[in-house]
Every structure is written in C-alpha cells, then in structure tokens.
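Following are the structures in question.
You will see two complexes here that share subunit A, one where it goes with subunit B and one where it goes with subunit C.
Moving on, here comes the complex of A and B:
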C-alpha cells in the first residue's frame, strides 16, 4: 500500500494533493466553480503573471533573480501609451513597448553578467528606476482608447473559448518545457545554477546564457505589460505593482530552489494552478485584495519552509525504513 | 607626501568624503535654483523627513551588515504607526512614553518573526521578508474598524510633538525627532565600531562560514539584528505617526526600498560586512535632500525622483564594486611596498619604473 504512494513523496506529489484539496473545497463553495468557463477566466485574470513565471523559472534555476518584472511591465506599457498619445501608428507603439522590455533586460543582464553585480541589487534598482521612468512618461495620466483589435485581443476569446493570451501561454509553456527539460541549452541553465565556476571551466559561456535569460525576461515582462494593457483597456504608471511577489511565489512554491540548480516546470505549473485556484477560492469567500496578497506572502515563506521540512520527514522515514529492513535481514541471518 | 596622505585616509573614508562633497554640492546647487531654499521652514521640513527615513535606514543597515535583507521594514513602519494610531484614538489618555514603548515592542515582535524564520528556519532573508512585506500589510488592512487614522481623533500632544523645538540656532529649530535620530546614530556608530556585538555583525557579514567555524553564535546574532531592525522600524513608525498624523492603509509603503537605497548609497555593501553607520546617515541625507529639492524645483517634473533614485543606487553599487575595489587593491599594494620584508620586490619594481 505504502509503495503505491511512493510517487507522492516528491514535492510535486505534495503540490498535487494540495491542489486537489483546494479544488474540492472551492467546488463545494459554489457549483459554478468547476465549469470550463470559470477555469478559463481563472487563468485569464492573472495571465501576465503566469507567463512571466515561465521565464522566472529559468532565471531562478540559473541562481539569479529578477525583481524588476512588475516595473518593466509598467514601463513597456507606458512607452507604448506615450508614443500612442503622440500619434504614432499603433503597431509601431507595440513594437516600441516590446523593444523597451528587451532593452531593460539587456541592461540588467549586462550589469549582472559582465559587470558582475548581484542580480538582486541590479533588479532592485530596476524595480525603483523603471517604475520611476514609467511615471515620468505618463505622470498621473492614464492612456486608453486603443484600436479595437487590441482590446478585443485582451478581452474576447480568440479561438473557441480560448483568449489570445491563454493560447500564447500554452505555446510558450511548450517551448519552455522543451528548452528547459530536454535541450542542451536547458542543461546549461541547470549547470550554471549549480555552480557557475565549474560551468565556466567546462567551457559553458556563462555570460551569454545569463545575458540571454535577462533579455528574454525583459521581453516577456514587456509582453506581460502589453497583455495587461489589452485586458484592462488602459495604461497607468502604477499598474502591475507587486507582480514580482506573486511570480516569485509561483516559481518557488513549484519546488525551484532559491539557490539555483534544481526545479522543474511541472512543479511550477502545479503551483500556478494552486495559486490561481486559491485566489479564486478567496474571491468566493470575499477576502479583500490586500489580504489575498498577504496569503500569497505566507505561501511564499511556506514554499521554502515546506520542502525543507518535507525533505527532513522523508529522509527520516527512509532512514527508519532502511533500519527496519536491516534489522529484518539480521534477524533472518541470525 | 602621497604615503602620508594614504596613512590617514582609507578608500572607504574617501568615499564618505566624496558623498559629503556631493551633498554640499546638491545643497548649493538647489540653493541657487530655488527661491527661499535656505529658509528655516524648508530646513525644518527636510530635517524631520530625513530623521524618519534615516532611522529606518539605520535598522536596515544592521541587517545588511550580516549579509541579509529586510524588505519588510516599510510594512513594519506602516503597521506600527497604524496600530499606535488606533490605540491612541481609543485610549486618548495614554502617555507619549508608553505609546513609544508600545511601538518599539510591536516592531521588535515583527522583527522577531523575520529573524526566527531567517536564522533558525534557514530560509533566505529575501524570501522571508518579501513574504512578510505582504503579510504585515495584510494584517494592517485586516485590522478591525475603519481603515484610516485621523489626526483630529488623536490626543493633542501628537500634533504638537512634531513641531516643538528642543533648541534653535537662529530661526533653525532642532526638533526632538531630529536630535533623537542623531543621538541614535552616534550610539550605533559606537556600538558597531567598538562593542563586541557590533564587530560580530561585521564578522558574520564578511564571511558567515568562517564566523560559524570561529565559534560565533551566528543564529543568535542574526536574530538579534532582525529584532533590533524591527524595534527601530517600530520607533520610526511612532515618528511617522507623530509627523503625519493622518494615515491610511498605504502608510509608509515602499519605505523599505528607500531605506535600502539610503544604506547602499551610503556605502553599506549588500554582500555584508562593509560600511559604516554614519555612511548610512549620509546616504539617507543625500537621498532625502535630492527628493525634497526635486519636489520644489520646477525645471523638471518631480516624477523624475524615483527614476533618479534607481540610477543612484546602481551608480553607488557600481562605484563600490568597481572603483573602490580597485582603490583598495592599490592601497594594499602600496602597503606591501613599504613593508621591508618585500624589499626585493620593491627594488625590482623601482628598477622597472626607472627604466
């Protein structure tokens, strides 16, 4: 019987049990919960964070961190809004927004990979500075009235019941899965995360990998900012504040080590489902937004505390198991 | 001549002196740009603001020295300010001293939670305090009753406390808040320079592994750094309440970033074990002076403040990691040259120099 439960001993197994618990609780609260449309809405409401969590997984496995994502989202949105206000063709504004993201990412990456500054402090100054630039561009205004196709892309389903952002997420998920779990480039990410010195001596181009990751992170954050703008229909300088908290929680709860080198996208996917369903459940219970964020914060701490404790338990269980078998063998031998 | 100079100044001191020069420059520059910049009114306002952020930065510095972060200080300041405000609204006859002690107690218990999770549960401080940043704010929002503190509901001493003057030089008042903050800085400068506890903070920060092997009670020291940081943030919460009076649930939001920025600009290394308390004070002074001046300078919009702040942090860390390190190497190399044991090497170098 216990052997049947063996796969559940991994952290992913624990996450799965938690997820099932939350889903059962939520569906007992309201019958509409398990409807297909509600599940899609669940994703749609936080789709930007979910998409950014994919690249954040890479970055944290690589033993770096990027806490500027929320500010990059706002900056990319504000660059787009600012240029749109100035009367540039809208497609060009979208491109400029994405380019802004890539540039901020390249800047972060350069500071981390080439100047060798800590990613935490680089992105901390980004967190303050990029948000400041966003405010410089739009001040207190909010920009809206985007072309109709843009709003529709963010608010209406594109294919069947699926909105554009959700389809994009699944595409990116598949690409990320292939790169991280099954390709050589993914191995590099893990190796550098484990020990960047060893990786360097083994001929891995550490700088290039880190640089690429940060550029993609900036680009994806900008994409997230534009998706948020499309979903809300307007842009403000103070949008997407605190995104980094939730994104990092999603990644760490998924079993990715904050010290780098271990983790998988499957775990992150499970933790994304947990957080989305948990938020939905709290919404059903009328918990206000800030308190939901507080619960996410508690989850963040638990997500590091949990695996530690779990490791301890399963190790001691294993030890006892081994001891018992040994005792059994000795008895047999004696 | 050069050697003489070098005996007196270390690169770190050079850094602090250039910071002072920069502050004086900012002061003079905006003085020439803004009308009435040197007036007592602006002086009083700026010093009161600097006092609060500097106190928070002081607590943050103690944690940064041990190679940890405390991102939750903004929420601690907000929560204690709100909590004390609510208590004072309910019990108007509470004496000021008790309210202050209550704030310090509340702050240190919040710091205790951080410290226990970091030191004993071994969770990286960035994760713990990013989490408690959200949790403490949520506690503030979940606090029963209405979500604001209004100065009219508070006892009259609160609004008077901020503006009474301890003594004044000409028309420039020195308020108790400012004097208190300065005294705290002097005390903690002494503690970190001469007392065992202070040196232990540096030891753990510069090499945690060596400190542990050397027999320092690392966990206990990191815990006490977090508790102290919380207590100081609690005190800052009290000052915040006294200074502003009207609070909502977003009180002191983002103050953690300013505190870290002040410390980093002041030369505290985020890798721990480097920097002085007085440096943090200079950093806080510089950031706040810049912010307050830009607010009053009409040439560029005040939305530039945060963008400049980000750039400032980056520049400060860049200078530390590149230029100061180079200078330190230079200093150490010269020291070796003077050392008679290295005579051979010196002669060789002299020859090559001559050639």
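Moving on, here comes the complex of A and C:
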C-alpha cells in the first residue's frame, strides 16, 4: 500500500498534490476556469516565460544561472524593431533579432566557460547592459505595425484552437525532455552540475557544454522576445522587465537545486502549471494586483525552502521506516 | 523512471481533463447568451455574436440604424457585469474616478457589483492585457479602460469586442482605436497643450525661460497627446522664448518621478520649471524641489490633484496647476458604457445621450486621433493660491 504512494514522496509528488488542489479550488470557485479557451489563455499570457524556463532548467542544473534573459528578450525585440523602422525586409529583421540573442548568449557563454567568470556576475552585467542597449536603440519610442502574418502568429490560433507559441512550447518541451532525461548530453549537464572538475577529468568537454547552453539560452530568449512582440503587436525598450525572476521562480519551485546537479523537467513542468493556474485563478477571482504579487513572492520563498525541507522530512521518514522494517525482520528471525 | 512517467501521465491526464469540457461548453469567443441582455434588444443590434472575428459591428452599423438625433436616456435596473480598469492601483485620481463610477452605478440601479481591477504599479502596463483577457473569459458585459500600454492592449481589446463585450476607454485611449468603441476624453487634448503652455508662460514670465516635461510612461497615450499638443503651441512665434529642454518619464511612480526630477535639476542648471502632466509626477517633483530647497529657482506645474497640491501651492513650489474632475469622468464613463452594454446606445457617431446629473453629451469623431470616436467631457479647472482652499474644502 505504502509502496504505491512512493512517487508522491518526492518533491514532484508534493507539487502534483498542490497542483491538483489549485485545479480543484479554481474549478469550484469559477465556472470559467475549465473553459477550453481559458486553458489556452492561461498558457498564452505567459508563454514566453514558460518557453525560456525550459532552457533555464538546463542552465541551473548545470550549476550556472542566466539572469539576462529578460534583457535579451528586449534587446532582440528592439533590434528587430529598429531595423524594421529603418525599412529592412521584415523577415531579415526577425533573423537579426534571433541572431542578436545567439550572440549575447555566445558572449555570456564565453565569459563563463573560457574566462571562468561566475555566471551570476556575467549575466547580471548582461541584465543591465543588454537592457541599456535596447533603450539606446528605441529610446522611448514603441515600434509596431508589423506585417499581418507576424501579429496573427502571436494573437490568433494556428492549428485548431492552438496558437503557434503554445504548439512550439510543447515541441520544445518534448525535445528538452528527451535531451535532458534520456540522452548522453543530458547526463553531461547533470554531471557537470554536480562537480565540474570531476566531469572535466572524466573527459567531458565542460566548456563546450556550457558554451552551447548559454548560446541556446540567448537564442530561446530572443525567440521569447519576438513571440512577446507578436503577441502584443509592438515593441518597447522596457518590455519583459522582471521576466528572469519569474522564469527562475518556475525552475526553482520545480525542485531544481540552485546549486546544480539535481532537478528534472517533470518538476519544472508541474511548477509551471502551478504558477500559471494559480495566476489564472487569482485573475478570474478578481484578486487585486498587489495581492497577486504577494502570492507569487511567497511562492518564490517556498520554491527555495520547500525542496530542502521536504528532503529533510522524507529522509527522516525513510530512516524511521527502514528501522521499523529492520525491527520487524529481527523479531521474525528471533 | 517509472515514477517520472507516472507523474507525466497524471499531469497530461490533468491537462486533458481540464480541457475536456470545452466541447460541451461555449467557447469564450461566443458571448454567453444568458449574460447578454440580447433579449431586450432588436436582433439587428446584435451583430457581434455572429459577426466574423475581424468585423467591428459598432462602428460599421448599417445605415438604417443611423442615430435619430434624439437624446437617448438610460434604462435603469439592468444587471450588467462591468469592469473598471484604471492604469494602476493606489492612485488618488483613479480612486476618485472609481467613486464617480460607483455613484453612476447606484443611480442606474445595476444590481451587479462593479469590478475595480488594475495592475499594481504604473510600470506594468502590459499586465492590463491579462486583466482584459481574464474579463473576456468571465464573459463580463463591459470593460472601461484607462490605457497604459499603448497599442499593446489592442489585440486583447479586439478579442473582447469579438466576444460581444462593450469596450469604452476613458482618461487614456487606445491610439489605434482598435477594439475600442468610444473614448471618454476628460478635456480636449489640444486645449490641454494650450493650458500647459499658458501656465508655463504665467510662471516663467514674458521673458520666457527653459523648462522640462516630466511625464508618466512613454506609452501613456493621453500624456503623449497633450505633450504633442503643447509642442505645437510652443512652435508658434510668440512662444519662441519658451524652450522645452527634454521630456523624461517617471512611469507614474513616485520614486522614479522624484529621481527624474532631481536628475533634470542636475542636468540643466538654468532650468526654471518642471511641467508634469500627471498627478503623480507633479506631486513628486514639487516635493523634491521643496525638500531640496529649490523652489525659488525651479517651479513645478502641470496637472495635479488639488488635495495633493495644497501645501505646494501655498509655499510657492507650485504656484499654478490644472485638472478636471476625475469623479465626473468616472461617472460619465459609467453612464456611457452602461448604455452601450445595455443596447440603449450603439456607440456610433452622432448619438446623443443623457448622463444623469452631468447633462447631455454627443458621440463624435475624435479630432486628436486619425481614427476613433470620443465623448468630450471638459472643462478645465485651473488652481492657484486664490482658489485652492475652496477646491479642497468638502
């Protein structure tokens, strides 16, 4: 009997229980919550962050962090908007935006992997620097009036009721799952996160893994910036401020250790669902803005403390359980 | 591994089950018939429900429904779920506007409670999108928005319109007017520019001088329009000696506005006036000048709330400023929106309606934008040491 409950003892199990609680609460409080369109909206309103959370999971498991993602979103968007304003063909501007993201990622990766600077410092300067560049490009203007296909991509369903970004998220989720949980490359990410020295001596190319992760992070952030631009129909230098915190909250609440080496995409997926459903529920119940911010803040604290406390609880439970089993066996034997 | 697969399985089941009832329930894009007062309206007035997504029934009403020219009166007592959505929470002027809307709600005997929702701070304009989307999901009857996100709210507003929700803006419109039926303008935007230039002239004197503008957010459509109107007035030859140094943005946050005001002082030693066309900015700038002991050299003016500005008028930091009644603005907005949502009005050009104690208004083309309709409230009140006491006494 207890064996069957075993999976629930993990942090993922706790998250699952919380999620079920939120879903039950929301659906009992408002009939609109379970509407199909609302379930789509719930993802669509935060889809950029959710997509970036996937790559952030890799980076934090690898014992690094990238807090420049929000600024890279803005910079990529502003590069695209700036060039579009200058009259370049729009497709070219989109490519330039994505390339900008990859370049910022390459710079971050180079400083971390080759110059051996702490990723927190490198991406903190990125957080400030890339945002600054974005403001330099567009100053206080906002650029809009993009081609219709672009706005349509961000605002209208693509296949059936599903918008492009949502489909993209699920595709990326599957790819990320396969790479992180079941491939050799994924194992390298964990090994490096546990102990990069050991990994290096065992022949893992630590630099290349870190470099690759940061480049992908930049690229995905740029993609997020462009998706946001498409969804809102315009670009500004101060778009996506604070995204990094919400993304990191999602990853940490998912049970990924801030020190690297442990965590899973399953946990992150659950935590994403928790945050999105919680926000949506509060929105539908007309909870005032300040209180919503407070709840998300409390969640961030829980996300750091929770997994550690839970680990302690389940370990002590295990120990007692093992002892009891042993006592039982001895009694039988005697 | 098995454990993780199990979790994934459960999650997927959960997601799917959450999506499940969709086929049986009405999708959000279709207004729930029970919540719309459709039965009380002629069928022709409700094209929104069947119209293709891109059509805007209100502005494209067939010619046969052209307004008759009569002054329309509201039908009280209808249950309409309405959302009052200012730029952000915790600003006294929006609370006043809310009070005005509540007054109108009581007069019109709307049994549904008025929802007062907004982002927590002025720097998160894009969060208005989320609130509009959620209100659309809830199938409310009307949304009244003071826009703080430029055209970024347009897609969400259009989605609300497509779902048959009445969408009226007040205080700050949607620049492209996409998704917006009517904008309730507090004052004529061109007049605001003139008033601000006049106040600058009064304070700086006939020999003119240099001044800077401390605005709200870069995407605040109303402030941008007023500043543009003021720049036009400044371009006239008789104002050649009034020099606008720079426009800075305090995002309607007290701290940022204070920083920006002090930065202006450091940057331009010969600046004599800060013009803040926002109640948060003017109070923050006046307090900053007072605290730094700069009121003799740098004056503050613009649009302010009398209750917040009394002390600054009396100590000379802000000798003159202007505003309109936000309470009346909320009241008028509620009347108009109620009448559009209930079907009394269609929200087309030329319609006249009676807004309770405030009298008769007309829906007209908005001359300050390329597109869009407006209802002009007016007039301006200018405050100085002579009348400020009367303005704040209850």
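As a working rule, the second predicted complex is superposed on the first by the 319 of 334 C-alpha atoms of A that agree within 3 Å, B and C clash if a C-alpha of one lies under 4 Å from a C-alpha of the other, contacts with A are read in each partner's own complex, and residues count from 1 in each chain.
Heads up, the rule we're going with is that contacts are C-beta pairs under 8 Å (C-beta built on N, C-alpha and C of every residue); 3 or more make two chains touch, one makes a residue touch a chain.
Small disclaimer: the values here were computed from a predicted structure and weren't measured.
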After the superposition on A, what does A:187 contact: first (subunit B), second (subunit C), both or neither? neither
Is A:23 in contact with subunit B, with subunit C, with both, or with neither (first, second, both, neither)? second
Which partner chains sit in contact with A:288 here, subunit B, subunit C, both or neither? Use first/second/both/neither. both
Thinking of the overlay built on chain A, is A:308 touched by subunit B (first), by subunit C (second), by both, or by neither? first
Just subunit B (first), just subunit C (second), both, or neither: which does A:125 touch? first
Is A:34 touching the first partner subunit B, the second partner subunit C, both, or neither of them? second
Contact-wise, after the overlay, does A:207 reach subunit B, subunit C, both or neither (first, second, both, neither)? neither
Shared contact residues on subunit A for subunit B and subunit C? 288, 290, 293
Give every residue of subunit A touching subunit C within the complex, in rising order. 6-7, 10, 12-13, 16, 19-20, 23, 27, 30, 32, 34-39, 41, 45, 140-142, 144, 151, 154-155, 161, 181, 231-234, 236, 238-239, 241, 264, 266, 269-270, 273, 279-280, 283-284, 286, 288-290, 292-293
So, in the complex, the side of subunit A touching subunit B is made of residues 65, 111, 115-118, 120-122, 124-133, 135-136, 139, 237, 242, 245, 248, 252, 258-259, 288, 290-291, 293-301, 304-305, 308
Interface with subunit A, subunit C side, in the complex: residues 3-4, 6-8, 10-11, 14-15, 18-23, 25-29, 88-90, 115, 117-121, 123, 126-127, 129-131, 133-134, 137-139, 149-152, 154-155, 159, 218-219, 247, 249
Interface residues, subunit B side, partner subunit A - complex: 69, 117, 121-124, 126-128, 130-135, 137-139, 141-142, 249, 257, 260-261, 264, 270-271, 301, 303-311, 313-314, 317-318, 321-322
